[in-house]
């Protein structure tokens, strides 16, 4: 049954159409809500079409990495929880969840959007750890973009808890997370030699290859990841770059609001 | 915000810290067929980065429920030996090796004929024995050769190399220090010398123009790697007859 | 109209991705594939030309069973009325009771292990390979039997023709000089038993290693004449 769907998607694309009648460079309706989870220091819910992602930010105090003793630590994790899809099995993150987390991580990390130096409490001994947990609740394609959008939306609203007498006092806050950029990840799918934005579930299953490009406020590229079992030509990659910069700007406007 | 231990200049008088030109590879060395039990095997070195790949299969796929009745299933496992880096790496899988295994699998999937051996599995193992950056590229180059040596049908080789931005300049084949202290790092793989990119991962900040320049340089580098891969295989299995140039 | 062009010679070594011919006059045979106007190799091996067909004899690779092949297999499992054999292939083979034993067997009194047991080596013929790669063997062939004693070697299946030689010349030479019975399965499994098994094994393994290098027949003769 799935096979028929893949071929159908490909045929439609060949005729310049998509199942849900969108244009190739059109996003599904996006909704972003922040401060959803009271127990998290920052949170956001992002819904793109029927993909539904919840991101929670938890702050804790820990040891810095030895090669960056005066910097806070960023950790990104993604869970493809079984509620989200009949294809998600319970258990530790599989390669898909790991890839999603690491791609989102790189967009945030390489753009240097979090001023990690400001998260140093005592150099070499104690720094703030920023745990970004992406919880996928419903899978209808394009999880990287949804997760990355949720991550940055949540980070923008994250408050740093009070830290007194070597204890974190959750619920009481002292300032916001120091952010200096808004990286946006845009994933472009290649189907029947055409490029599409915001693939839904059927398109995710039918794609030959995909490429995720994270850009910053200045329109510079901070991370790129090609995925899928197909390939891209250089000119397709160039087109994908242009698309990601254009759509990145649009999505950034949604968050800055 | 300079990283602790970063050399003040990474490029001096147009030469890199290890004396290389901007568009020069580290010394490349390749060996094929060094392991006896595996169906195919190869070693690929970029300077001090030393990758070994072994291929088993096609062989019966276990567990059975992962079998595909119409195709062969490709499994790739990238792993770093504990002694491969300055700081010992815990043996076994970690998130980074899982991600790299995935992208290597996706790269190789572009050239295999999956319908030739239904119900079977092909296992590609990449072991990094010594790591000085560009390990996934070395691993992929070795894996390509190991697959050919194992007699597994392939459209062509996968050829891979890295490019980077160091002190604002674009360089080919990122070395250890450049990986640690450089601004940008990008791994690329192509199908032979074709304009078909099967692996691309970039970290760091670049403008679109810089990115496109890096991509062009990477493609050139991959084409050079392709020639070396072919040369090694032909040399190892030469027949002793006068060969007519076929390409 | 593109002129067709053959770019390789018989027995030339080619590697995956190498272009063997251009134009539509040539056809890809085993080990080759067509992409647009070109025929390319998908394996590393030696070119084999026959009329308009270009094929590759691989230098490595696994055995894929074909009906009519004689193979040597090892019994690795049994069920009530079938034996399961390892035939040096990614695909297991089954030998049904009816294809192995001519007489009536009373299953309530007999366990089929009395005929062939786990660990037995058998020479059988491939009767049929289904589309889903289920391989059926038969003992209904004059050469089929249990192989007792002796020793077993494995060579790359694609090198079996080289081991056998033109009209059996190579294998007969080895049998003669080593005074051994030798049975060669199409699946690359070779059984030998006789006076100078070591010498025969050495010759066979040399063929395995050097089958692609010219002058093999002479080298093997020399090796056999020199003795163990």
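Worth pointing out:
The letters A, B and C name the chains in turn, as written, and every chain counts its residues from 1.
Keep in mind that, in the parts below, contacts are C-beta pairs under 8 Å (C-beta built on N, C-alpha and C of every residue); 3 or more make two chains touch, one makes a residue touch a chain.
Just so we're clear, the structure is a prediction, and the values are computed from it rather than from any experiment.
The chain closest to the protein's centre is B, with centres computed as averages of CA atoms. Farthest from chain A, judged by the mean position of CA atoms in each chain, is C.
Averaged C-alpha coordinates put the centre of chain A at 27 Å from the centre of chain B. Between chain B and chain C, the centres computed from C-alpha atoms are 34 Å apart.
Averaged Cα coordinates give chain A a centre that lies 53 Å from the centre of chain C. Contacts from chain C toward chain B in the complex involve residues 7-9, 11-20, 31, 33, 35, 40, 42-46, 58-62, 64, 90-92, 132-133, 156, 158, 212-215. Chain B contributes residues 1, 3-5, 95-96, 98-99, 101-103, 105-106, 109-110, 186, 191, 195-208, 211-212, 215-216, 219 to its touches with chain A in the complex.
By the touch criterion stated above, chain A contacts chain B in their complex at residues 67-69, 93, 95, 98-99, 101-102, 106, 110-111, 117, 209, 211, 216, 219-234, 237-238, 241-242, 245. The part of chain B that touches chain C in the complex is made up of residues 39-40, 57-60, 69, 111, 113, 117-120, 148-157, 192, 230, 233-234, 237-241, 243-244, 246-247.
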